[in-house]
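In the two complexes that follow, chain A is the common piece, with chain B as its partner first and chain C second.
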Partner chain A sequence: MTQSAPKGQSFEHDLEKSDKRVASFEAHSKGGLHRLQHILHGNPTLVPVIVLLVSVAVFGLIAGGKFFSAFNLTLIMQQVSIIGILAAAQSLIILTAGIDLSVAAIMVLMSVIAGNLAVYSGWPAPIALLVAFVGGTVAGLMNGLLVTKVKLPPFITTLGTWSIFYALNLWLSGAQSIRSQDIDANAPLLKFFGEALSFGGARITYGSILMIAIFGVLWYMLNHTAWGRHVYAVGDDKEAAELAGIRTDRTLLSVYMLAGFVCSIAAWASIGRVGSISPQSFYEGNLQSITAVVVGGISLFGGRGSILGALFGALIVGVFQSGLRLSNVDVLWQVFAIGWLIIIAVAIDQWIRKVSA
Partner chain B sequence: MKKTVYLGATAIALSAFAGAAQAADVGACLITKTDTNPFFVKMKEGATAKAKEMGIQLSTFAGKIDGDVETQIAAVESCIAAGAKGILITPSDSRALAPAVTQARENGLLVIALDTPFEPPETADATFATDNFLAGELIGQWAAAKMGDTSGAKIAMLDLNASEISVDYLRNNGFLQGFGVDIKDPKDIGDEDDPRIVGNDVTNGNEEGGRTAMENLLQKDPGVNVVYTINEPAAAGAYEALKAVGLENQALIVSVDGGCPGVQNVKDGVIGATSMQFPLLMASKGIEAIAAFAADGTKPANTEGLDFFNTGVELVTDEPVEGIPSITSEEALKRCWG
Partner chain C sequence: MSAHPILQARGLVKRYGRVTALDNADFDLYPGEILAVIGDNGAGKSSLIKALSGAVQPDEGEILLDGKPVHFSSPLQAQDAGIATVYQTLALSPALSIVDNMFVGRELRKPGFMGQYLRQLDKPAMRAFAREKLSELGLMTIQNIDQQVETLSGGQRQGVAVARAAAFGSKVIILDEPTAALGVKESRRVLELILDVRSRGIPIVLISHNMPHVFEVADRIHIHRLGRRLCTIDPKEHSMSDAVAYMTGAKEPGDKAA
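Right after this comes the complex of A and B.
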């Protein structure tokens, strides 16, 4: 070391040219599309809201005044209310990276139980409903235990319980509907959610209001409570959540139980909506609820998306069906359109997810 | 009911096993669309009772839901393998089951379609069914007679599903013909251009679908005053939709089936008229035919002028009209199924 080295050692000179920032985020200036991708990543409900508004506008133009009437817009709400409530339950499960094929079967089974007790066995309607609520929660608990304790994948668990609940439903009901007139005579409370507020041409059923209330409550629980953050954490990365001290199995159990409970509320609402208690209805309700969730931009991989998306997803499907019908499009093309809607929704989700990669 | 199927399958397996030893035993199969619909439950009752009476070994199978073709094909194959003499089947799909049925006939089995005819009907040896076209025609004539002047009719057509199977178009077009509408292609639903038809929609044959479909057609024209429905659950749903907007007294609802809740709905004034069919008779006649075929090879003959054996249909209404024979809901309640 005969020479002082005020400028540092010579082999370090090259470092001068390199990036000296410690750490930074990439600038988002790669063009409009890229920026859009980031905005959507930050606001997952934005896509369904845009799609909903655009589809309402487009069908309003094609199908004209009939589509845009207050009566029709409230009718769409009414028609999607049951699938909407099931989609709320489905969202809870999907946020934990699961899936629930049994939601509609739990709902129909609980409506049959409530109907049998209140209409045929002469139990007071509130007690019959209480039994259904407990039953729905227990059905959810069964799904939850199979997922957390027996460690079955949610898909398999609920594929199995779907059949089990459906068979029980047919056994209890003898595949025979309970007639509307018999419900009116014995337990009118069961049809409460079929009542409606009418003003102008609009006809808002209590069932539609219930759907929105359920989404409101669940949204609050998911976004403003510790439980809600745990649900997202478990869905995003179960192991990481566990390492962070979250009791993941308990969280999962609570989610399945809550979903089962929500299904039993849907059971009550469905009696009002359909008018009778029909064991053969809603056979594909599980798939329709998944459609609403997916179209609503909730990621099937868990941990991402807002539950409000499922509400918009259900409404988008309803708007499509109503609009296509009023434009005199054949039923099979309505099915075709919904199929594309699902594929496009998931493709957009995949594209948005790439932003973090 | 699931249990019975399971037992049935076991019986098949056992009879296949025993088949070699006791070739004289006559086996028969009943394959229904589902084992949950009360219509098929009644059919099974009829077949089981008759089979017991005649000493025939009956095995029963059913699809999981209406349209479950795969399970029905597997059931046909099991019956062939078990060496049954004959199959009674309500095909979930009038065309898709043809290859399996042809295979059964090539193996020497007598195949009789119950309730739903194959396309073409010759696919099976015989068809024992309600004349679904006539069933539709009766309620169409009744509705037209009830209205008197039909020029102001606004008709809502609540059909089954998008596949347009035979029972669906037969009832649909029978009704329209009875009402006095030019039906164009008798095998097509919705090709009519009569301005009195408001529209067609599908119900899946249940209350929820019936309600939604009725709401949709009311959207097209709130003046609907005649409602045709594929079956009575769909009719109950349609009534709920009309009632929700206070239009239940504006429209005549007609239907087909004759299930007990449906007949009760005729009595309560929900449904104006329904055409009753007789599933029990279809099945018991079917078992008799298989026994006759096993004894001396005779095959059942069709009703004259039809390509099937007609097991009968009766119009049920409490508001009878001139010239159309009918029975009251009171009488019908004694004969209804389910």
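Right after this comes the complex of A and C.
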């Protein structure tokens, strides 16, 4: 069975004396920056959490009590809740190394559908919402099929469906908003997530709570179920995942469908947040959701980052906007600051991904 | 060596347009052996391996596992039947941990409500199992099994991939160029790992271009030429130059009285 000659090749004989552990995982004692890189690599949400805490502290110092009041802090939550929920859906797609430009378009289309059915056609509100949930999931399925079966790049797929959903939305709504009082009269349930728990100066809307609940559920699914591990594996290296035995197309389809479903929940929440149903609302929501995800430290290259990062990313954007406004800074500088946030976040991601053993 | 091959192929044919990659190829792997498959570039050895591992479907011929004909339409089916392949690319997800990689596609769930309805993974059990399997193969100087695979060296990654192939009751392990990307020291360790796996009774198909490595660990050498098996030689009775001569057609196996 085995050869009688001395073990190995002649040039390898001196190896006997060398360190032969192949899987030895030594503790590194390298420089501080290197260690920081490693810590951030292992804990991708650390950066957004630090940025969030620091920006809250800084704006608290600059703008003082106006910023730091319970009212303002809960207002920020309320302001970011819709983009936050969209960012949760966006995170799912970006974790698979995709991108979804149609999330807000799906949301607005579904809010128009639910509103039309419940307010104008007299359907019971729960049924109208159910139709919207199914519709959102089907819209996600359409994106997913184009990506997995037709094999189009996600960017192009969702660029196309963004326009398609937006056009459908203008057609179904006749480019007219559904007025707040009509919703109140016919289907108050649609505005459920605009209601709030108030205590002290704080006003926590159900929409804010919903956003946090959605992040909690998705975090559990991504980190504690096999499905979640597969989402990461597919985003990391699709071919490797396929060879390792994951049905990657099925995983991708489920991700797009879930993202569409989450967008339709955002549709319900948005009616409460805005008060009316406007086909022109949230036109920039697609891009804002991507901003939140990227600022939250989720890699655009897929497979890296925690979905909770997107929650922190959305809050960071909200804190910057609120803090700058309360510091009486011109709106254009808010836009300017958000631009830098995106660039710095992606630069940090690039640096972290270059981690070496 | 027992008389019945565990994995067999008879008359495999695979054509790609006008190119015939496999031309009536036969293949036999016996229990407990390391069978090296060598052949020049374009000889069809990767088509042969892909057919055995379910990545391509032969146009003609049959594959028998334990004497029973099998048909694989995907690598997953071959895996489920007990043929584990460690690809040259390793098929590991760099950003996932060692444990996650070992269990990809066959995760363990918690018992009871959490596992059944909330589908919660049993992470402690998965860690313990991964630790046990890595220790069995002597790879367990790992301090942190939750370490991401991308922070490992090439040899360590190979170790994780082989441990994954060996861990789930495989009948056959196919190793595609396991030492091609490794340095001298790590190659040595991986060869020892291969012998270790054989000593556990799992037969191995080793595809390699590295003649010294092939001659060192293989029990038999399958030489592939022009889409079919030219011959099978015993590395103790033939020299490396014989093997290379057969492989390239410089010499016919009959030329030398073996």
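Basically, the second predicted complex is superposed on the first by the 328 of 357 C-alpha atoms of A that agree within 3 Å, B and C clash if a C-alpha of one lies under 4 Å from a C-alpha of the other, contacts with A are read in each partner's own complex, and residues count from 1 in each chain.
Keep in mind that, in the parts below, contacts are C-beta pairs under 8 Å (C-beta built on N, C-alpha and C of every residue); 3 or more make two chains touch, one makes a residue touch a chain.
Predicted model only: the values in this text are computed from it and were never measured.
In the superposition on chain A, contact of A:181 is made with chain B only, not with chain C. Applying the stated contact rule after C-alpha superposition, one finds that A:331 touches chain B and leaves chain C untouched.
By the touch criterion defined above, A:151 lies against neither chain B nor chain C after alignment on the C-alpha atoms of chain A.
Once the two complexes are laid over each other on the shared chain, residue contacts for A:354 go to neither chain B nor chain C. Contact with chain C, but none with chain B, is seen for A:225 once the two complexes are overlaid on the shared chain. Within the superposed three-chain model, A:241 lies in touch with chain C and out of touch with chain B [touch as defined at top].
In the superposition on chain A, no residue of chain A contacts both chain B and chain C. Chain C contributes residues 75-76, 79, 85, 87, 89-96, 100-101, 103-107, 109, 118-121, 123, 134, 139-144, 147-148, 150-153, 155-156, 159-160, 184-186, 188-191, 193, 195, 212, 215-216, 219, 235-236 to its touches with chain A in the complex.
Considering their complex, residues 1-3, 8-9, 11-12, 15, 18, 20-25, 27, 41-42, 220, 224-227, 229-230, 232-233, 236-237, 239-247, 303-304, 355-357 of chain A touch chain C. Across the complex, chain A meets chain B through its residues 66, 71-72, 75, 78-79, 167, 170-171, 174-177, 179-181, 194, 196, 203, 270, 273-276, 278-283, 322, 325-326, 328, 330-332, 335.
Every residue of chain B that touches chain A in the complex is listed here, in rising order: 1-2, 36-38, 41, 65, 161-162, 190, 199, 201-202, 204-209, 211-212, 215-216, 219-220, 233, 236-237, 239-240, 243-245, 261, 264-265, 268, 270, 338.
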